[in-house]
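Chain lettering (A, B, C and D) follows the sequence in which the chains are written, and residue indices restart at 1 in each chain.
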Amino acid sequence: MGGVTLSPAVSKAPAAVRRTSRSAVRRIWGSVLLKRIAFYLVAAWAAATLNFLLPRLMPGDPASAILLKMSELGPVTPDRVQLVHRLFGGAHSEPLWRQYFSYLGGLFHGDFGLSLAFYPTPVSTVVRSGFLWSVLLLGVSTVIAFVLGTVLGALAGRRPGGWLDTVISPLSIFVHSLPYFWAALILVYVFAFRLDWFPLSGGARPDLAPGFDPRFISSAVTHALLPAATIVLTSISGWLIHMRNMMASVVNEDYVLLARAKGLSETRVTTAYAARNAVLPSVSSFAVSIGLVVGGSLLTEMVFNYPGLGSLLNQAILNLDYPLMQALFLVISMTVLVANFVMDCLYVLLDPRTREAAS
Amino acid sequence: MTRRHHVRFRVPANRKVRVGLAVFLLLVLVAAFGQLFVGHVLGQSANRLHAGGNLESPSGRHWLGTTSFGQDVFAQLVAGTRTSLLVGLIGGAIATALAVLLGVLSGYTTGRSGAALTAFVNIFLVIPGLPLLILVASYTRGRGGWLTVAVIIGLTSWAGGARAKRAQTLSLRNRDFVEAANYSGESRTRILLLEVIPHLAPVIASTFLFSVVGSIAAEAGLDFIGAGHASTVSWGTMLYWVQSQGALQSGAWWWFLPPGLCIALVGTAAGLINFGVDELADPRLRTRKPGSAAGRSRRSGGVTPEGAR
Amino acid sequence: MSARSRTVASVISAMAVLGAGTAACTSGEEASSASSVLTVAAYSQPTLQANFNPFSPNALRGTVGLIYEQLFDFNTADKNQFMPGLATKYTWDAGGKALHLELDNRAKWSDGTALSRDDVVFTFEYMKQHKLLAVPLTTVVPEGGGVTLTFASPAYSQIQQIGRVAIVPRKLWAKQDPDTYINRSPVGSGPYALGRVTGQQVSFTARKDYWRQDVPVKQINYVTTSSTNLLAQQMVRHEVDLSYAGIPNIKSQYLDKDTAHNHLWPIRASMKPLLLNLRRAPFDNVHVRKGIALALDREKVADAYNPGVYQAVGPTGLTAQSWGQVIPDGAKEPLAQDRQAALKEMAQAGYQLKGGRLVDAKGKQLSLEILTVSTFADGMAYAQELAGQLSQLGIKATVPGEAPSAYVADEGKHNFDAVFGDAYVFGSNLYNFYWSMLSPDSTQSIIGWDDPATKAALDKLAKADPAGQTEATKGLEKIMTDQVPTIPVVVKGTPYMYSTTRYTGWPTEKNPYTTPDPGAVSGVYAEKLFLSLRPATKG
Amino acid sequence: MTADPILDVAGLTVEYGTDRPSRAVDDISFRLHRGEILGVAGESGSGKSTLMTAVTRLERPPARIVAGSVRYHPRDGEPVDLLGAPNRQLRELRWDRLAVVFQSAMTALNPVMRVGAQFVDVLRAHRRIGRKEAWQRAAELLEMVGIPGDRARNYPHEFSGGMRQRAAIALALACDPEIIVMDEPTTAVDVVMQRQILGRLQELQAQFGFAIVFITHDLSLLVELADRIMIMYAGRVVETGAAATIYRDPLHPYTLGLRDSSPSLHGRPRTVRAIGGSAPDLWDLPKGCAFHPRCPRRTDGCDTVRPPLLTVGGHGTACLLTGPATQEQS
């Protein structure tokens, strides 16, 4: 991966220089990467452990939840009650440490046990059914929000107090403060219910089987537009404000001033000097923001009845589905971890100083 | 010394800060005395069902109309202001305290324990907050009222603030005055309390502000999905009913809009204050008011020559 | 190309793909709404997992009724008439200890083979073996054109449960464990075959070779709805033809939007009492219970959420319309709110009114938490109304709402003062109604009522033959009025909402040929309903 | 030194803020000749940095130029007033004719760009040369200030402080400018490095003949380097004259204090005495002579009359007591 940091222009440098700098970069890059990987492995283990502990602090027992469901169908025999308690209550009868190790062991095999809410469907099947929906929705809207927010923030921060800043900054503070679900409700009402431009809910037209079929994909995109718009609308401001402030601060840095003194074009000064530096904190604080966006997108999914992890989480909590909850928490946390890892790598690419710090 | 004097003098002069503070002041007044006014002057109560007709539009009797249960929306909004603000303040205070404690400690402590603390903060940072919050909130089963909710919010939402504190502390740790204190043999606790934390005051204030807003929003989210304390009147529970009663579809904008706008208003006010305070704290962000004569000279202290490699 | 320009390029290409997708979708979306498809809002959860095991509590709706068929049922919406399924008639023998079922010999599995007596015998034995049958079954044998079941004790009262057994083919089920089998490709005898299962919908397609008759509705989609709010919008847009959810303000939100096509018939098949935790003082005191019962204005409670859907009910828990002949005089009408009488009862329990608060000798106010599931808007509304009325009597009544799982757990652990969430189904025979509410053996009886007299009365009713059932019920009714183990408040109405835009021939109050209860998306009720619909004539 | 003017600053006034503006630079005029080194000295807060940003048109939003002109005289053609010049023209003049070296090279170089690339982009903005050629030129320029050419590939953080400072000077030379404005270019480096850099700078100046406006708080340094010196206090010029004259015979009490507050580089050792008090608050300037509250020699009238800058024979001062006007009167 080390080679990525070297632009082709390097080849024009003397051969000796090229050799040393390339291997140095590779070595430095490598050690940064190793450190990061180590951190993320520890974080993953901690998240897995937290995931193990938290649901066990939850009240209620799944057996009674299932029994209530059964009794709605008809009377339940006392024998059956015992059977259900044995089947569903059994998960917590072992000592905690043994549960923990079988839990960790299961994780390595991708085995999360059977879901209670969808008993006897395996949890992995349930999670898989929602994973792609959420990751695509969240991924695409986060990227859009990040890029758009950063660009707008850079434009606004370039001239603090300018007209763009005067309009955009207060507006984005306001939009940023809107509750996700409230914005979602308004969007549904206006664009789906009133104007009928978009479907009301769901992930795709329900009669289409998921797959690489243009009809399904286009339907999925149509269904994703409103939820994505909600996420973009409410999360864009975070990036925007951040970037605006960084930009407003960076445009006063000497190197930006010097770039202007150099008679470079305004675009070059803004992009290569100001924005290029101002974006770094946004990238490094990605972890804080992505957590918020994930939380918001869970609520958004619930409003839109979107078949992703948020809706599954809701179902898992309502049904006291421990195994499903665990798996969902783990998958959500791991996704966030992976996203952060990617951003970390990007940061190292963007900021040459971090490469030195590690050596 | 002159700079400090200037900051104190200019706070109310910044328009953004002024507007933001005015909004907060208004909300605090509403939270404190609103219910008296609603009860004694308007003769309404937040909890009374069928105080008026169902889904009445705003009138002199019901300033913001009624819900589909005939409750007075204005009375609910006022009662909700108190709950939401209290949740915000308590949740925000807990989150900020934890953030300062863990952030400063992890930034200031060196060696293995420092690394462990940092890892701890970073791990909490990557664990998404809302699912965690939902889970823990379900644990309390809506018992204990809004206070429990506030405490849980505080306990689960400190990581972002802690990260900021850590970064600030790291940069302070190497500053002259802290090093001087170190050499003079002052105890670490003393240095932290008397040197580091006072210098973090502006950052702590802004963390608190956003923790308050975050707590209010989190409480609203919890209530909205029914995981909060549903029988307390708060902006969140109002939105829960708004959604479950299909207020929008019934055209009851007077019921749908106020709670959401209130939440947005608090966030906006906090954002404005923060914006303004940022400008005061960092002369480079200043747009309207003069800064020190030369912005750049301010930073000369932060530059330390690095050795050639 | 530098690293950065590569990144830029990939972002641009990603956006281009997205843009193309957006452009493509607008054209494709319209084509779908085939007018012949019937859409039912059948699941109140956002996502589905395939499960067509009729013995699983998580079996998807439609598994029974559309794919597997039951033996028979009784039309509780009308006068409990017999509704044939796979069985055409039943005969009791041996004082209720033997039951002969005559089977419809035309029945065929969807793989073309005949549904035999053998399969019925197998199903009963299978359920017995796996403890799925709440009936004291001893043997089941083929006899004549059907099967004969024998029981350890008279089973008159369990006839509806026996009828609701869904028959499965022996050859496919003999080796399956009902607790773990998912049954993704079911073979049943019902009018529909499984179409496609997506995360948010199950479609059923009509069988061309259905043994009973031509199937008029060619495709039925059972879809998911996670909120009543969304459902209301889907109903108004005629995206859903049939649903049972308690959407708020049904009249303004649904009926008034299209009076020609949108219809509602609230089916009142169950009763909601205010349940007090009899293990806790002072609710173990009958005078406190009577005082509370007298403090309620039941009409107001009934109308607290959706006026016209619920109905106030008398102290026996039974409605005069359906069970008039059973209810003793004086208990037919709902108890009227009577503040003075209520205070008198409270005084007998040692509670005096002081400064608007009902306090005991030590000056402690009578307080009561009505535990409610916070995600059920209707439940919250009713509970709040109840609390409001009790507060007026001087009781400190509050409504803590909690998540469904926590609610169920608290109920199970008897950790509550009062609940107003559970409803008890009348059924075709009152034994199950009272048993599930009052018997300590019932998982649904959460109040802690353990009374020998009630047990004796239940036993008597369980064994009573159809002719003696009215008389046998009276003892239980007397317990209800005198002891007030539960406080009947309302008859729960299930808002059966349907649209006549695509199909007509729905059961109505005037023509209640089947019971369109929530069960109507499954079982004999559903089968009867869907087989009776006719495509609407375009007008 | 020729008497050929290259930059003419007249009545330049810069204010901060709008509601209650403060003047950081108040009616300053001076002329810079080709190949001349003009030193500007003053305490921090005296407005010298603001003057520099205004002259180079790099003033930032709270600062506004409210009056005056900055006329650049090209070798051929009409003089251009930089204050009124359109952006495009200004951009063309920048670096090509007028380059800048900032106080702290630590922050003046873009931290995320290779040092060489920061040469390349300015070279390619003003000269029609290819990328490869530009990189070679960057290496040459770095070598000119004593940095090995292959270090062009490094990032600024991989340079030592002195290297960065030299790189910043090399960068200023990139397009062979006629004027270089330097704002305390050696403050951040140690004395040995400072000597080295200044020595190099003088050599380069001799070689290329550019004019320098050199801003510093260190008067003794200017004496060695500059041809003429301008002393600033509270946004105004309080004394101006030939370097040697100013150092030898300062007229203004402030200049005297400034001179005595810094150690002499050579010549007989002098007691270092700091000026009492601190720089005035620009929002709240003392009436009369802004220096009077700190002035050891203030008399009646100093707190009411603001002395104008009066020049006699190339040496001028703005002081009631010691100015030429006073001398003439007495």
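Following the convention adopted for this analysis, contacts are C-beta pairs under 8 Å (C-beta built on N, C-alpha and C of every residue); 3 or more make two chains touch, one makes a residue touch a chain.
Composition by chain, UniProt nomenclature: A, B = Peptide/nickel transport system permease protein; C = Peptide/nickel transport system substrate-binding protein; D = Peptide/nickel transport system ATP-binding protein.
Every value quoted in this text rests on a predicted model; they were computed, and no experiment measured them.
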item: Top chain pair, ranked by how many C-beta pairs fall in contact; value: A-C
item: Centrality ranking, top chain (CA atoms only); value: A
item: Intercentroid distance (Cα basis), chain D paired with chain B, Å; value: 47
item: Mean-CA-position distance for chain C and chain B (Å); value: 45
item: Rounded Å distance, chain A centre to chain B centre (Cα mean); value: 23
item: Distance between chain centroids, defined by C-alpha means - chain C, chain D (Å); value: 88
item: Chain A: positions in contact with at least two other chains; value: 58-59, 160-161, 193, 252, 254, 302-303, 314, 317
item: Contacts with two or more other chains, residues of chain D listed in rising order; value: 60-61, 102-104, 107, 157-158
item: Junction residues of chain B, two or more chains touched; value: 138, 141, 225, 227, 243, 249, 286-288, 295-296
item: Of all residues in chain C, those that touch chain B in their complex; value: 227-229, 232-233, 236, 247-249, 252-253, 304, 372-375, 377, 380-381, 384-385, 388, 398-403, 405-406, 410
item: Footprint of chain A on chain B - complex, ascending; value: 119, 122-123, 125-136, 138-139, 141, 159-160, 163, 213, 217, 220-221, 224-225, 227, 239, 242-243, 248-249, 256, 260, 263-268, 270-272, 275, 278, 282, 284-288, 295-296
item: Chain C contact footprint on chain A (complex, rising order); value: 4-5, 7-8, 58-61, 64-71, 73-81, 83, 87, 114-115, 117-121, 125-126, 129-130, 133, 140, 143, 147, 188, 192-193, 196, 199-210, 214-215, 217-219, 221-222, 225, 301-303, 305-307, 311-312, 314-315, 317-320, 349
item: Residue numbers on chain A that touch chain B, as the complex places them; value: 39, 42-43, 46-47, 50, 54-55, 57-59, 160-161, 165, 169-170, 173-174, 176-182, 185-186, 189, 193, 241, 245, 248-249, 252, 254, 285, 287-288, 290-292, 294-296, 298-299, 302-303, 313-314, 317, 325, 328-329, 332-333, 336-337, 340
item: Chain A contact footprint on chain D (complex, rising order); value: 53, 56, 58, 60-61, 90-96, 99-100, 102-104, 107-113, 121-122, 125-126, 131-132, 135, 150, 153, 155, 157-158
